[in-house]
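Two complexes follow with subunit A in common, the first pairing it with subunit B and the second with subunit C.
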Partner chain A sequence: MTRTRLPTGAVVLLGVAALAVAACLSLAIGSRSLSPGAVLDGLTALVTGEASGSSADGILSARLDRTLIGLVVGLAVALSGAAMQGLTRNPLADPGILGVNSGAALAVVLGLQFAGISTVGGYLWLALLGGLVTAVLVYAVASVSQGDQSLTMVLTGAAVTAGVTSVIAGVLVSNQGALQSFRFWQVGSVAGRDAVIIADVLPLLVVSLLIVGLSGPVLNAAALGEDLERALGQRVHLARFVVAVGAVGLAASAVALAGPIAFVGLVVPHVVRLVTGPDYRRILPGSALVGPVLILLTDTLGRVVTPPSEIQVGIMTAVLGAPVLILLIRRAVLR
Partner chain B sequence: MTLQSRNLSLAYGKRVVVEGLDLDVPEGRVTAIVGPNGCGKSTALRGLARLLRPTAGQVLLDGTDIHSLPTRTVARRVGLLPQSPIVPEGITVAELVARGRHPHHGLLRQWTRDDDRIVAESLERTHTTDLAGRPVDQLSGGQRQRVWIAMALAQRTGLLLLDEPTSFLDIAHQVEVLDLVRDLSVEDGTTVVMVLHDLPLAARYADHLIAMRDGAIVAEGRPRDVVTADTVCDVFGITCRVRWEHAGDVSVIPLGRHLPTHGQESPEEPPHARVRVAGRP
Partner chain C sequence: MTVQTRPAPDLSAALGAMSLATRAVRRRSLVVLTGLLVLLLGLVAARVLLGDYTITIPDFVRIVTGADIPGASYILLESKLPRAVAGTLAGLALGATGATFQTMARNPLASPDVLGITLGCSAAAVSAAVLLDAPGGMVSLAALGGGAAVAVALVVLSGTHPGAAPGRMILVGIALAAMLVSVIHWVLVRADIYQAHEAMVWLTGSLNGVTWSEIRLLTLVVVVALPLLLYVGSHLQVVELGDDLASGLGRHPRATRTRAIALVVVLTAATTAVCGPIAFVAFLSGPTARRLLRGRPSLLTAGLVGAVIVVAADYLAAYALPGNNFPVGVVTGLAGAPFLLWLLATSRPVKETA
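Up next, the complex of A and B:
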């Protein structure tokens, strides 16, 4: 009956080990697989700057880019999902499901099409704006609704996503030339981009990371319901607002880097909770480690399931995440 | 520590629920609030705990307007157990009680050994030490209520506001919780205000009784002075027979419309119709 929990140190150790394995797989496996030795040699060469000139160098360098981007995106999306679940006390919350990702993507696409914005730094602020607007909209609809708030939130998010996706598709149709690059804004991908773009999102990423990373106690108090949260001395509106901006900031950073990636923010915190229990001071760091693991593993899987072509990571996570969503809904309804 | 309200009015939007409430919570005593469903008991408690901003009047904590104090300061002096708090899924007793330490932490002040000690003491005080590792959602109602009180104790406030701590509990578990409340008052000098539904229990366990109707106080004072047939009729709108015994026990027998009444004057009544509560203080 008594429940014992793994110590935080052990959780972190497990997460780091899993992350190391996932990163190695992501570097080694692909249309052309590299032996662990070749990966190691190539990495040393990249670090020391002495390219050996072999074709493995190019492959490895591209894989390193997508691994690094996957790492950052996984961290951002999973933390964002964990924070959103805590803030809304909704087990189904996730930047994808609540429509924040697609809102952010729409803003980027509109900026791209009508304002000619085409730098990652530009995408970032567009994504933040689009994400914030969507978050406010979904929150507003849910708070005026009479029924189940959790459900309203999810349905509103789904409606926003459906509407936004068709607008993006509309823009896409009117701009045939950009078809390939626009697809990226419909379903996310970590492939084919240079890792230096991470530097472009760093300001927002770091600030959001700090906010959400330190929000464990806030989310722990929020989990007890608004009355008790207040009675425990939390300034409810201020705290919620700040953490929500952090969560949207993380989602926007991820969208600017890789486009909208679904379900990772939903699934990861639930998996982490199985080990850590309901303490957000443990769920958050756990999610920050497991998020990248999931992205890297699904991205790697996407490279090998349909050779010689690849499947975008955003599609892979959706395929794997949908059954989990159904499971969670069943549990939420039966409860 | 004193808690008072002066001409306090509380509303949800335009809907005024509590109006002109003047209240002096007796220090170090147990106060019980009784009244029909929806009369504003929970609202009054939320107002006293600074959860609602008054539309008029004020709440005074140690003579200072409670809304001029920082949220955290209030949370270190006044604890509130809401009527239906949420149990986070899978949380254990010790983890839940630990959350009571929230107002004592900040960005720079993290968990310390002191916190561990206070959590352990709170568990001990409520006889829940043995439950520490158990998931809260698997406990009985009475155990769960004691765990919530332990969480409020871990907050280390001199004042506790408990909203219906005994609702949905059977009589044995009600007595268990109320005995604990009495302990806190007598042994620790904690000031307690609680909302109760059971009049005989309220009369037996409270030093001070407040009867509310339509957001206002109808009667207030020693239980013996408040629990009378007239007041019960006034507050709940029912006719009943109230009998006080010398030990301070009271029976309140609603007469209803269907059962033979024996008439209000008749002192004789079948013994089985009496509601009596045995318990401690």
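Up next, the complex of A and C:
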């Protein structure tokens, strides 16, 4: 059965246009909204370096920072989720649900408490380490278990998250300073950060992006199941391991930049799949476009729902993403 | 011609064997219950008398009967005794509620804390306390509302009941939990740092600041709701056989389940309102009790196991690392997570009933 599809070029164009609109909204809307003209003037002023000195400049520059960080985080989280879903053949996989974000968070808290590490560059490697350890643990438990794989994986992620939460709580209740910085970090937010921090995560981000971006064939083969995959001559374990490290690397980059952001990695690949079909060579670039759109739109929405205060993007995605997860659970033939 | 009759089955011998087996089970549960009671009493005594400030038994009796010993009276009546009493009550409630859900779902993973009901209580309570600055009574009511809302959402959203498709219900519970956790994180950001610290201690599950008026509330709820739950629980074992058989045996599976869920929500809400969500106690107690009884579920035994866990964990949390007075939830969380992982790693394929 063939499905009538829009031509690929048109879909890509649509995605890019959506991204541009989302970015413009993210620049223009907030507790003090700017007109499109003011945004444009401000941007040209920033580019040419001729700041007009108006208050709009400051607002725009802060919004530009959070828009850039939102772009990068959306890209990283969505690709990470897509790769995890492909690798585990589990429609419910996502760096948050599988516990990778919690593992990363634990490593960050322990680094903060015992080594005094509090820079994004430091967070990054701790987050990567914590995320990798968790990923290995979750994968190991799920592959030893004889129960339902998808369910076991999700539950293992939840178990890790619960255990990690206890350890973190143990640290935070006895260290008010750590609590003060951690409570703002753990909600997941792209606001109040300087876009310069993107440079700190750049090496890991670029390498992981390359690995995951090119992993389409590996993920397609993984979808066939391990036996068929081996018969087709794929070096199953090595290729998968490399892609898994890339996926965790992306999740760690996002966590270091913005804190843990829930459900974006889960939802985006499913939305993309509706348009592209099951081919990961299409799902991956699609996710790379839709992830940033989703982050930017929810972040913008979070600025206007409870004026004058803001709701952080991590909270928004969790509240909006949970119903989607429930929908997926009901649709998947899970008992 | 003689008609060959089959020898009548030796009914009395069969009945005798059955009553022997029943007696063995009864004896076993009696031994287990007594053992757990003794263990619990010992732990409570240790919690009250030992630790960083030792109170002798004669002093304990004199203080409880009204004598005022400077220093000792305060520590006993404002810290050690309330923590031991609240820990016992909370453990009883959590253990029995956990085992109720696990029996109902025929799945050790389906306890109220894994399903997110406990989180519903905490999210509502912490929102009421921090955002609305509500007094204690309102916070308890909020906890009740939050727990009930999650229980209803679980049943409605998973389109099933805990007896039929535990896997789906557990996943829906995890989705709801993720949402509730982010709500809690949001509340923590809105609070000032002192409120946030206080909320953080409570959210970890803590007996540190329990007051006697809170204990009175918890006692009232446990004394009323726990026996009811034990009674409903005795019907649950029939319901566990399957809806058709249960209806045939004159039990109403739907009504029994609804009552059980309602009682679980009430007990969970009261415990959470007083001590916060003490991680994994509800989840750990049922399987432990079942193992002690060689496979038979018992809510009372699970309750006693829960009490033993909480009091022992609180002793460790308070005194294991000198100078640190951790909330009890840190210890139960640390112990519970590996157990859950082990349970997952060794799980067999689940046979489901449609």
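Basically, the second predicted complex is superposed on the first by the 321 of 335 C-alpha atoms of A that agree within 3 Å, B and C clash if a C-alpha of one lies under 4 Å from a C-alpha of the other, contacts with A are read in each partner's own complex, and residues count from 1 in each chain.
The rule is simple: a residue touches a chain if its C-beta (ideal position, glycine included) is under 8 Å from a C-beta of that chain, and two chains touch if they have at least 3 such contacts.
Since the model is a prediction, treat every value here as computed from it, not as a measurement.
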Residues of subunit A touched: more by subunit B or subunit C? C
Which partner does A:A115 contact after superposing on A: first (subunit B), second (subunit C), both, neither? neither
With both complexes overlaid on chain A, does A:D279 touch subunit B (first), subunit C (second), both or neither? first
Could you look at A:V173 and tell me whether it touches subunit B, subunit C, both or neither (first, second, both, neither)? second
Contacts for A:V136 in the overlay, against subunit B (first) and subunit C (second): which applies, first, second, both or neither? neither
Mind working out whether A:V305 is in touch with subunit B, subunit C, both or neither, as first, second, both or neither? neither
For A:T165, decide between first (touching subunit B), second (touching subunit C), both and neither. second
Could you look at A:A17 and tell me whether it touches subunit B, subunit C, both or neither (first, second, both, neither)? neither
If you stack the two complexes on chain A, which partner ends up touching A:A221: first (subunit B), second (subunit C), both, or neither? first
Residues of subunit A that lie at the interface with subunit B and also at the interface with subunit C: none
Subunit B-touching residues of subunit A, taken from the complex the two chains share: 1-4, 89, 214, 217, 220-221, 223-225, 227-228, 230-235, 273, 277-279
Subunit C partner contacts - residues on subunit A that touch it in the complex: 92, 96-97, 137, 140-142, 144-148, 151-152, 154-156, 158-160, 162-167, 169-170, 172-174, 176, 179-180, 183-184, 186-188, 262-263, 309, 311-312, 314-315, 318-319, 321-322, 325-326, 329-330, 334-335
So in the complex, the part of subunit B that touches subunit A is made up of which residues? 46, 49-51, 71-76, 78-82, 84-86, 88-92, 95, 99-100, 102-103, 105, 107, 132-135, 138, 155
Which residues of subunit C touch subunit A in their complex? 109, 114, 157-159, 165-168, 170-172, 174-179, 181-183, 185-186, 188-190, 193, 196-197, 200-201, 203-204, 279-280, 324, 326-327, 329-330, 332-334, 336-338, 340-341, 344-350, 352
